Amino acid sequence: MTLTLLDELLLFSGVTVLVAMLLGRRLPAGWMVTILYGIQLLALMKMAPLGYGGEPISSALTFEVMGQTLSWRFDALSWYFALITLGSALLSSWYACGEWEQRFRQSGGNLWLFHLAMTLNVFSMLILLASGDLLSLFIGWELVSWAGFLLMAMAGGVATKAAMRYITYAMAGAMAIFGGIALVYVSAGSLQYEAILTAASQMSTAHLWMLVILFGAGFGIKMGLMPFHLWQAPAYAETPGPGSAFLGAISSRMGLFAILLVLVKLFGIVNIDSLKIPFTLIDARDLLAWIAVFTIIFPTFTAMKQNDARQLLAWHGIGQGGYMLLGLVVADAMGAAGGLLHVFNHATYQAALFMAVTAVIHRTGTADLNKLGGLVVRMPLTFMVLLVGIIGLAGLPPMNGFVSKWLVYRSLLNEGMPLLFVAAVIGTLGTILSVYKLIHNIFLGQLRIEHDNVKEAPWSMMIPMLILAAIIFITGLLPGIPLAWVASVQQAVGLPVSDYTLGGVESASGSLDMIWVIGVLFAGFGIGALIFYFAGGRSKRVHQLDNYAGGHFLTADVRYQYSDNFYAGLMHLIGGWYRGSFLWLEQSVKSLVEFLSLGMQGLYRRANAEFYLLSTALFVIAWVVI
Amino acid sequence: MAPMELIIELLLMPLVAFVVGMMMVLMMRRIAAKLQRRIGPPFFQPLYDIVKLHSKQTQISHGLIHDIGIVMAMGGYIAAETLLPVPGMTGIAEKGGIITLLYLMMIPSLGLALGVGQCANPNGSIGIARALTAMLAYDIPLVIVIFGVAYAAGTTNLVDIIAVQQAGGFETWGAVQMPVLAIAGLIAMHASLGKQPFEIYIAPAEIATGPMVEMSGKYLGGLFVMQCFQLYTTSVLYVSLFLGGGTTWFDFLLKSFLVLAIPVSIAYLFPRYRTEDLLRLMWKWPVMLGLIGVAFVL
Amino acid sequence: MSDLIVLPLVLPLFGAFLLPIVMRTSISIGAWIGPAILAYGCWILGDQWISGTTLPFSLAIGGFAPPMGINLYIDSLALLFAFAVQLLGLLFWPFKIDQETARRQALMLLLVAASTGLALSGDLFNLYVFYELVAVATFGLIAASGGSAAYASAIRYLILSGIGSVLTLLGIALIYSQTGTLNLAHLAQLAPEQLNNKLGLTAFLTILIGVGVKAELFPVNTWVPEVYATATSRVSAFLAGLVSKLALLIILRLLVLIFHQPEAIQVMLVLGILGVISGELAAWRAKDMRRMLAFSSIGQLGMIFIALAIPEQGGLLAVLALTFHHLLIKSGLFMLADGWGGAIEKLRGAAKRSPLAAAIFVLFSLSLIGMPPLPGFWAKFTLITQLAAQTSPLYLIGLTVFLLATVIEAAYLLRLAALLYGPAAKDTPIDTLAKPAGLSLATASLFGIGLLAAALFIAPVGDLLNHVAGQAANTDLYINTVLAGTGGSQ
Amino acid sequence: MSSIKQIPVITERKGNPLARVFDEFVRFCRSRSLFILHYCTGCGAIELPPAMTSRFDMERLGIQPMVSPRQADILLITGYVSIKTLKRVILTYEQMGSPKYVIGICSCTVNGGMYWQSYATAKKLDEYMPVDLYIAGCMPRPEAVLAGLQKLMDRIHSGEANSWEDYFRNYDYYLGNQQKLFGENWQTPTDIITEAKHYDLIDEGTFGKHTQLLEQHQKPLEALDMRLGHDLKEPTE
């Protein structure tokens, strides 16, 4: 058996897990693991032709179990996701080395477990990404779920509660997928992709419906799609800092990967068009699209209400997933490219944002948006990273988030979907509102007196953040770099490919060239700066207490930072719309289970068991005789 | 296009926008004065204000971000102007299209928001919170309108959108083809100007001009410049979307000033809405009109 | 060679009667008798497997050929069960020395003998006899677990089991009145003509309910939580792990060989589904570990009943996979419950005291939930593919229930795991936390190793089970083996 | 020391004639664009709305109201100034950006007017800050207000109205008067001395015993410098 490139990658990944497990207690685990991630990334780079339309690489390893063949292989899709996974793992783990690590250990955290959980996550994700048939997909899927659980639960306390909630959701999702796989197996007679591809074209409508629902729900739970989104924010937010950066960047995108693989590639997203919902005008694809936009809107506006920076970001992570799905569901060249590109973009800025917030927590000890403020003068680099990140998140030029959202909007416009378009824009506007709240309440406004001596985040944390910020900007300036990978992914999953250039997209009906746009923007800033700095006197910096307050004398002990209930006017109108309906739904399901459980226990607690027995016997015999 | 020519265009377009914008500010103040039976400011008043503000001896800065905010507020619009075609000059309009333009128009607000945030004045922060809320209010009808126009024209390239309208004279103007969208667009545009009755974020009486509260000297001057650009951009965008742009500078400017005159004339007849009323109004009427208009287009 | 197969049946029986006498003279010698017998039994049965005796074969007892005489039928399934009985008997051997030792050990030997008989018997009446013997032995063992609660639950079990026996006997009587024979092979021959009617169905259902008492069939399983919660863990483990499966074996044989009427299958499917629902839901709120395990065991048995409702090779494969998986897991879990009994809340932070036990618990839980690549996943995978392949909507309901139940199962097992790994309650020193007894922990670890080994060698294990299932599903082979080749030795 | 003594004599600037034209232009713009902040301490405020609205229309002169001291050029004190109010007036004045002008409207700002017997009223405004123009009367009519404003515009245009420099150059004098009234702990959040240093407006009158007193108890309010902070000795937890 000769090792293929894929085998090498998986081997390195496995070795990383082993190293973290065996040596992690004594040696400096963080650095070791980081270097090993680097090696994995190099191994992945050897497969780089995949990202430019190369032939898929199979693993030499196959198993034959219970009549099923298990195989693994990498194509452009896997490669693209693996690149994001390893990149975010490398940077998060780098970020964790050094001061964060010391502080984590001092506050009673289990560093060994943390690194082990991270390596397990990466390993299981690679296994999932490499899956060569539906069964190995499911195995990878479950591994990812449980590895994620480990990472989420390890902080204890609230985190464990959130993780428990997650795993319950994840199990429900897994079981839906499991059921779907069984149905597929029955109709295709095999779980190999080729067999499913041929079987999918001959499936009955009812069958296809069932599969779409089962797989959609199962994968959607991981992605945090609309009715199943509740678990994600608390689970990600409570994970130890670098862990949440990693999870936020890529973990829930595994759901998208699976959707791409199963719903888009195997069943064909366009086939889903034929699934009409009776008595309405919409079909399954519209349904998915609407789920996507509701996933954009509701979590985004929930994020706006959060007062904890990490919760806010985590909620946005859910919302941004909606854009990805939306782009994919539109499924034309630009939409799909936008959706796929957003995976990359989201990973970069979400990781940067979580890292920046963790850096703030590291220095100030809190992520409560009502207890911070004015930190820009003390942590300017972190501020810059956060700024770059939120511009990306809000999807404004010149950062990369803009490009992917532009593509999604453009495709909605091309296809003539006004409502979806507007809904997507509402999501973006909500994002802008809430990210301003984030940056304002942490970095702008009044610096609290207790934060006067705060230092900038240590370099061990700063460097990965700066790298991410650079990536966010560069891929915003030259979106052609990731778009090349995206194009080969589109090819691999059988979607139309857009006509991309280094600076954006070429199209007869309006193109985008970020090099020009950004060039002009920065030229504009330059002219603005010229006017500002040369046409006008030298400015003098004043203390923040030298501030207009209606003639009032401000002192350091007065808290005048405007942070709580930040969008009061908006909340006057829409505050009443936050009903927690999904929370209520979740609670009622839980109560129902509790109630049923109580009933069942009552059944077993009854003393007259003999009565049951006899009556059952009687009933059964009566049933037979009649 | 020769690169030199392009560079000249790129420099000229913001300059034109600034000059025209100053005249628009003047027109706005004159209209207000006329409605209140006053004489109003002299012709060069906007220029006097800007020069005076930049020539102030004391320039109070609250920090680097305060400065950068103003630079972004001006620079964002300067960049945006190059995406907005005017007669004879298209700049780089075809490189980004209307969606990019819309987003570039948000950059100044974001820059201003950052600068105001650094000032650490609660009035300013409240103003920004309200400004962003207002943006949430008027951008929804605005994007519906833009969707409708772009879909009808089959392109997001503003040059093409204008060309489509100019193809058949008056009959092919957006406002004639899509009157409902044009009305919705006008309301959204009015709100985006932040004039009465929608000036919830300036609100001098309660939050001391909100975002501008800590702005003095050239900082305020920068915002005055930004206001010129804002008026220009808004009205020219509307002209490009609905009134067929301009074939000559004369009709182009005429249309732009006329379009701007409508919301400005209405503005000074009204007191101010509360935030939630603004939201309610914006999410109800223009959205409804916009959707009806889009339904016609589809 | 194959005649030796009788020994694992006879020796424990003999030992059971001998033991009290020997114990009276020398405890130290007596204490070794049981383990020695069981070890020998293991060796013989294992040898049968390894030496490559052609399976299946039938062994007539007392020289009369079936259908007149009684016979043992040994196919790979029976052999596997018999081996499991001996091995578990050894593993759960009540080593504790006190004045009850003799009685307990004798009962254990009796239980092993009867269970082996149950696994090997090829005759309905013999099955009944051994079944009763098992019942008697278990009453004794439960009652010997001490404690008044154990007595109370034993009485309840006794009554229920007694009624069950009566019903079983009634069923057997019906069959006999119809066909005039009780030999399974013979019955299998006659069944298509003589038992494919309402009477036959009634007979099957009465037997199903009767035997179902031990197989934890809903709704005659109300004894389960109390008995498992009050008996010693070893007894519970043996009951939950093995005895229920032996009862299941009877049903399996009857179903495959004699009764495959759709109604019979339907009843079983419905009862199985109800069992899953009731068991898993009840476990959700269980407040102590043993009850939780008991309820979960009801649920798991329900799943096996659902699988049994697919009387083909694939279904049988699922049954076997689930059965042996559950046997391994539940025995192991009950071993852990030895020391971790009582209120769940007391287990808060117990992982600090005994990390190994907690790790094993997590391992078992994950396998029980069906996390790949642990064996539990493959068992469940086999089941759901089989269920999905059925056309009747009832099977799809079964599938749905099965999947939902797994979610609930995951939730409560993980809740316990999270409790174990969570921080201990304040003011509780770590060394006061509950901890499984050393011996039990060792046994559980053994099961854990077995589980991991199965996970590692899942492909050969799967092939083996498939082979076993194929043999068990082959009715013709059964008939031919018993009725044609009566000699036994081949 | 009053500012009245120090009305500067205008001297023709030497040098680049282009720069002279530019300076002239800037002065013109300054005079034609005045943002006023009316600090409505008393009844005189009632005369301002007529001055702004259609009857007299201030805006035609380029004068418009502003709401925050940062934006304003003119501080209009419209009536009596109680000691409590004076603190706010001074803060407001200090927060305004130079060049800035103070206009005292009504007699009360000149000499206390009808409150001259009151112990709680500051009688002469120009003891506490340089006043460019008084518009006396009780109350002066809008015509008078406008005439006063025009007078100020002329002075600005001609470059005479630079009393704001006096506040920096003679800070010690003003501070002394303020300290007399408010006590020795008097301090505003604005730091006039560093501002004077920054804009190079220091004169011999800037420092004195009063500023020494201020510096003794002043809590330094230096601008929050943006810093990486890696060189800080003390780690913060």
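List of remarks:
All chains are identified by letter, namely A, B, C and D, in their written order; residue positions are counted from 1 within each chain.
We adopt the following convention: contacts are C-beta pairs under 8 Å (C-beta built on N, C-alpha and C of every residue); 3 or more make two chains touch, one makes a residue touch a chain.
Please read these numbers as outputs of a predicted model, since none were measured by experiment.
Of all chain pairs, the one linked by the largest number of contacting C-beta pairs is A-B. When each chain is reduced to the average of its Cα atoms, C sits farthest from chain B. Computed centre separation for the pair chain C/chain D is 96 angstrom, with centres defined by C-alpha atoms.
Chain centres here are Cα means. That of chain A falls 45 Å from that of chain C.
In this assembly, the C-alpha centroid of chain B lies 79 Å from the C-alpha centroid of chain C. Look at where the CA atoms of chain A average out and do the same for chain B: the two points lie 35 Å apart. The set of chain C residues touching two or more other chains is empty.
Shared interface positions of chain B, defined as residues touching 2 or more other chains, are 53, 55-60, 63-64, 208, 213-214, 217.
Residue positions of chain D touching 2 or more other chains: 68, 70, 195, 199, 223-224, 226.
Chain contact topology: the protein chains form a pattern that is neither a line, a ring, a star nor a complete graph. Interchain contacts (touch definition given at top) occur between A-B, A-C, A-D, B-D. Those residues of chain B that touch chain D in the complex are listed here as 29, 33, 36-42, 44-45, 47-49, 51-53, 55-60, 63-64, 204-205, 208-209, 212-217, 220.
Those residues of chain D whose C-beta lies close enough to touch chain B in the complex are 25-26, 28-30, 32-33, 53-54, 57, 59-60, 62, 66-68, 70-71, 73, 96-100, 195, 199, 223-224, 226.
Interface residues of chain D facing chain A in the complex, by the touch rule stated above, are 68-70, 87-89, 91-92, 95, 188-191, 194-195, 198-199, 221-230, 232, 234-237. Within the complex, the chain A residues that touch chain D are 363, 365, 374, 376-381, 447, 453-456, 458-459, 538, 540-548, 551-554. The touching residues of chain B, when paired with chain A in their complex, are 10, 14, 53-65, 67, 70-80, 82-83, 92, 94-100, 103-104, 106-107, 110, 113-114, 117-123, 125-126, 128-130, 132-133, 135-136, 139-140, 143-144, 147-148, 150-151, 154-157, 160, 200, 208, 213-214, 217-218, 221-222, 225, 274-276, 279-280, 291, 294, 298.
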